[in-house]
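Some structures are shown below for you to check.
Both complexes shown next keep chain A, but they swap its partner, so chain B is in the first and chain C is in the second.
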Partner chain A sequence: MRMGKEIKMKTYDALSKQFEYVKTGNGFAEIPSENILECTEWLKNEAGYDYLEMITASDHNEKFLLVYTLINVVDKTDIIIRTSVPREKPEIDSLSNIWTGADFQEREIFDLMGIVFKGHKNLKRIVLWDGFEGHPQRKDFKDVI
Partner chain B sequence: MEIAEQPFIPSLNEADFYEGSEIKNLRHDSQAVIPDDMDWSDETVKELNKNIILTTLDDAINWAHKASLWPVTCFTACCTFEFIATSMSRFDIARFGMEVLRPSPRQADLLVCGGTLTWKMAPQIKRIYEQMAEPKWVIAMGACAVSGGIFQDSYAVVPGYNHIIPVDVYIPGCPPRPETLLYGLETLRKKIDHDKCEWEKKSK
Partner chain C sequence: MSFKTEEYVLNVGPQHPSTHGVFRMRITLDGEIVKDVEPIFGYLHRGVEKLMEMRTYKQGIPMTDRLDYVSAINNNWPYVMAVEELAGIEVPEKAEYMRVIMAEMQRISSHYLAVGSQMNDMGSFYTVFMYMFREREKLTDLMEMVTGQRMMYNYMRFGGVSQDFPKEFVPLLRKFLRIFPKYMKEYEDLLYDNEIYLSRTKGVGILTREDAINISTSGPVLRSAGVDFDVRRDLPYSIYNKFKFDVPVGKNGDVYDRVWIRMEEMKQSASIIEQALDMMPAEGKYQTKVPVVLHVPEGKTYKRIESPRGILGCYLESDGSDKPYRCHFRAPAFINLTALKKLMVGQTLSDAIITFGSVDLSMGEVDR
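Up next, the complex of A and B:
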C-alpha cells in the first residue's frame, strides 16, 4: 500500500499542474478549503484515486487542520491532502455525496471537533449521546456535569 | 364511547434525544459511589464466624448457591478475553459449576463486569442488573471496572461500576490473570458462605 514512491511524486506534480492553488512538499498536498470538492473529484475520476481511506482533524489554536487520505488501488499508492478551516467559522464541503464512506467519518469529526460539513444529509452526533454539550477533542473543552 | 388515542411513536431524532436525556440524568444522579455491602476482609470473616450462627439449612442453601453460580454474558471490553481464557480448558471454571453462561439475565446469578463502562452504555447495564432475580452477586473485574482505570478522568467513562450497581468483589489487574480471577471467585464463594437464609431479603 505504501510502495510506488515515483507514482506518488508524479501524482503530486500532475495535481499542482492541474490546479494553481495546490502546494506540494513534505509528502502531502496543501489546498485551501473552498476547493476540496473540485480537487478530490478530479483525483477520483481522472487520476484513479477512488478509495477514500480516512478523514481526520486536529486542533491548532487558530485553525483546525483536516487531513484526507486517498488510495489508488490499482497502483497501490496513497496521497494525503491537507486543508485548514478557521476556528471562528469551521465549515467545509462534505464529501459524502461522492464517497458514501465519508458519512460516518464526518459525523465523528462533527461530534468531537465541531466542524460543520455543508451538504451532509444527517449531521448529528455518532459517538457521544445526543444532548451532550460541547466538543470534547477541542483544546479548550471543559466538562460540565 | 372514547376513541383510543394513537400510540406515541417518536421519530428517530426524538428517540435519540430521549435516550440522551436518560443518559444525562443517570450521569447526574450517579456521581456518588454506592456503598459496599459490609466492610469485610479475612480478619472480619474470622470474627463473623463467632458471631453468626448458621443453621444446617443455611449451610445447605449456601452450598447450593455457591456451587452453581451461572454468569450472565455482559462483557464490555478487553477483560472479557481473560474471562474466556479462564473458561477454557487450562483454567477451567466448569469445575466450579459456572460453565453455563446464560445470555439472558433472567436465568443468571452472577454479573461479571469485565471492561470499561461508558456513560452511553450505563443505562443498559443497570437494566441488565435489575432484570436478574435475587439472590445475585456482582464481580468488578479489572482496573476499569473497579475505578475507571486509566480512563478515570474521561468525559465518557463511568469511574467504576459501583456508581451504577452495588458490587460484591473487586478484582484489580489490567487485565487480571486467570489465577487472579479464580481467587476472586473463591472470595465470592467465601462471602456466600456467610449468607443467612432470610425470608424477606432486603433488596439492594
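Up next, the complex of A and C:
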C-alpha cells in the first residue's frame, strides 16, 4: 500500500515538471481545459496510466467542473485530474478517439449537462429521448410541467 | 449465377425473454452475420442523480438501492463510504465485518442470476436457471431475516449498519456454507463436460487485452481478457486486507472464461464469508451515533468498490448543507456496454446473443 502512494506522488511530481501549467495538491492535479488531450496522452504513453476510469461534470454557476480519473493496472495506483470550462462557452476536446471507453460517458454529460466535446464522432442524446429540450442536471433547469 | 443480397435491419426490441431488462438493439444483418450494432437505452432513466440533490443525505440511501437492483447491498457502500470520509465518521469493527458478510452473500446470489440467465440464452429453457434459484432463494431468506426486505435492503447507514444479526442467523449461514460445495460440484458436472455447452462457448466473443483496457471494461469482463486487477485486493477498502482469497483470471477472453470466472468467484466469496464469521468480534456496537439531520462539511471525494459487475464508484461533492451538491455514480454496466460493438460484429446472430448475455448488464445501473 505504501509503495502505491509513493508511485502516485512521483507521478504528480513528474507531471508538474513535464507541463508547467499543472497545479498539484490535495490529492488531484488541476489543469486548464485546452491542455487536457496533451496531458492525458502523456499519462497514457509515458506514465502507464492507460485505463480511463471515470469522467464526470458538475455545475458551479459561472463554470462547469470536469473530473477525470485514471488507473495504472500494473502498479495499482490511481490519479485524479480536474479542469473547468466557462458557462458561456462549454467546450472541451473529446478523449473518445484515444479511449473508446470515453464514448458513452461523454455523450451522457452532453445530454444531461450540455457540455460539447469537440471531435466526438457521434455526439447525440443517449439517456433522454431525441426531442427533449434543455439539460436537466444544470442547476437552473425548470421543468415544463 | 450470383445472388443479389441486401442488408437487413433487425430490431431486438425492449422486451426480452431473459432477465436482461428493457434494452433495445438495432442489428444490421447480412444473411446471418452481424455487421453493425446500435444500442438504444434510457427506458429506465429516473434521474436518480438529480433527485438525490433534493433530498437529505440519509434519504439518499434507499435511492442508491434502486440502481443495480440485482445486487442491491453493494450500491449503498460507496455512497456511505464517501459521506463518512467527508464528515469524519468512524465505523466500529463489528459493523465492518457485517458489511463484508452481507456484500459477499449478495455477490454469490448475483452471480447465480447471471449464470442462470446466460444459460437461458443458450437454449436450456430455465432448467439451470431454476436449479440456481434454489440456492438464491435460501440466500434471500437469510437476508430477509436480517434486514426485513427481499430485494431493496436499505441496510447500511453512516457509521455502520442499521440492525444487528438475529441469533438464528449465524448458525443457518454456517449450515448453508457447509452444503454449498456439494451444489457447486453438481453445476460443474452438469456444465463443464457437456459437449453442447463447450462448443457454444469456447472461442465465442473474444476480447483482447488491449481492447479490454481501452474500452474501460471492469469486473469479470476485464479479468477474462487476462488483466489481473481486482479492487478488493489492489486498491483495498474497508477490511479486505485481512482476508486471504484468490482472484481468478482467464486466458482467452471468450464466453467460457467469463462463466468460469463467475463460478470460481462464488467459491472465493464463500471462503471470505467463512473467514469473516470466524474473525468477527462477538461484542461491539453496530452503528456509531450520528445526528438525525447530518450536515456534511465542504469537500469533494471519490470512493470505489468491486461490485459483481465491475468497479462501482461514487463521486460526491458537498457544500456544507444537509443535501448533497452533486452525486455521480460510475456504473460498471454502462461502461461495459461500450464493448458490445467490438464483441458482436462479425459473428452469427445466435453467437451474438450469447455474447451479450455474458457481459451481464443490469439496466437500473445503465440508465440511472
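General remarks:
In the analysis below, the second predicted complex is superposed on the first by the 141 of 145 C-alpha atoms of A that agree within 3 Å, B and C clash if a C-alpha of one lies under 4 Å from a C-alpha of the other, contacts with A are read in each partner's own complex, and residues count from 1 in each chain.
The rule is simple: contacts are C-beta pairs under 8 Å (C-beta built on N, C-alpha and C of every residue); 3 or more make two chains touch, one makes a residue touch a chain.
Nothing here was measured: the structure is a model prediction, and the numbers come from that model.
By the touch criterion defined above, A:101 reaches chain C but does not reach chain B.
Looking at the shared chain after the overlay, A:52 reaches chain C, while chain B stays out of its contact range.
Touch criterion met: A:143 reaches chain B, while chain C stays clear of it. In the superposed model, A:116 lies in contact with neither chain B nor chain C.
Touch criterion met: A:73 reaches chain C, while chain B stays clear of it. Counting the residues of chain A that each partner touches, chain B and chain C differ, and the larger count belongs to C.
When the shared chain is aligned, chain B and chain C each come close enough to touch A:128.
In the three-chain superposition model, chain A touches both chain B and chain C at residues 128-129, 136.
The touching residues of chain B, counted against chain A in their complex, run 13, 16-17, 19-21, 23-24, 27-28, 31, 119-120, 155-156.
Residues of chain A touching chain B in their complex: 124, 128-132, 136, 141, 143, 145.
Within the complex formed with chain A, the residues of chain C that make contact are 41-42, 45, 47, 49-50, 211, 213-217, 227-229, 234-236, 241, 302, 304, 311, 313, 315, 317, 325-326, 328, 330, 334-335, 337-338, 342, 367-368. By the touch rule above, chain A contacts chain C in their complex via residues 1, 4, 50-54, 56, 58-59, 67, 69, 71, 73, 76-78, 80, 99-105, 108, 126-129, 136-137.
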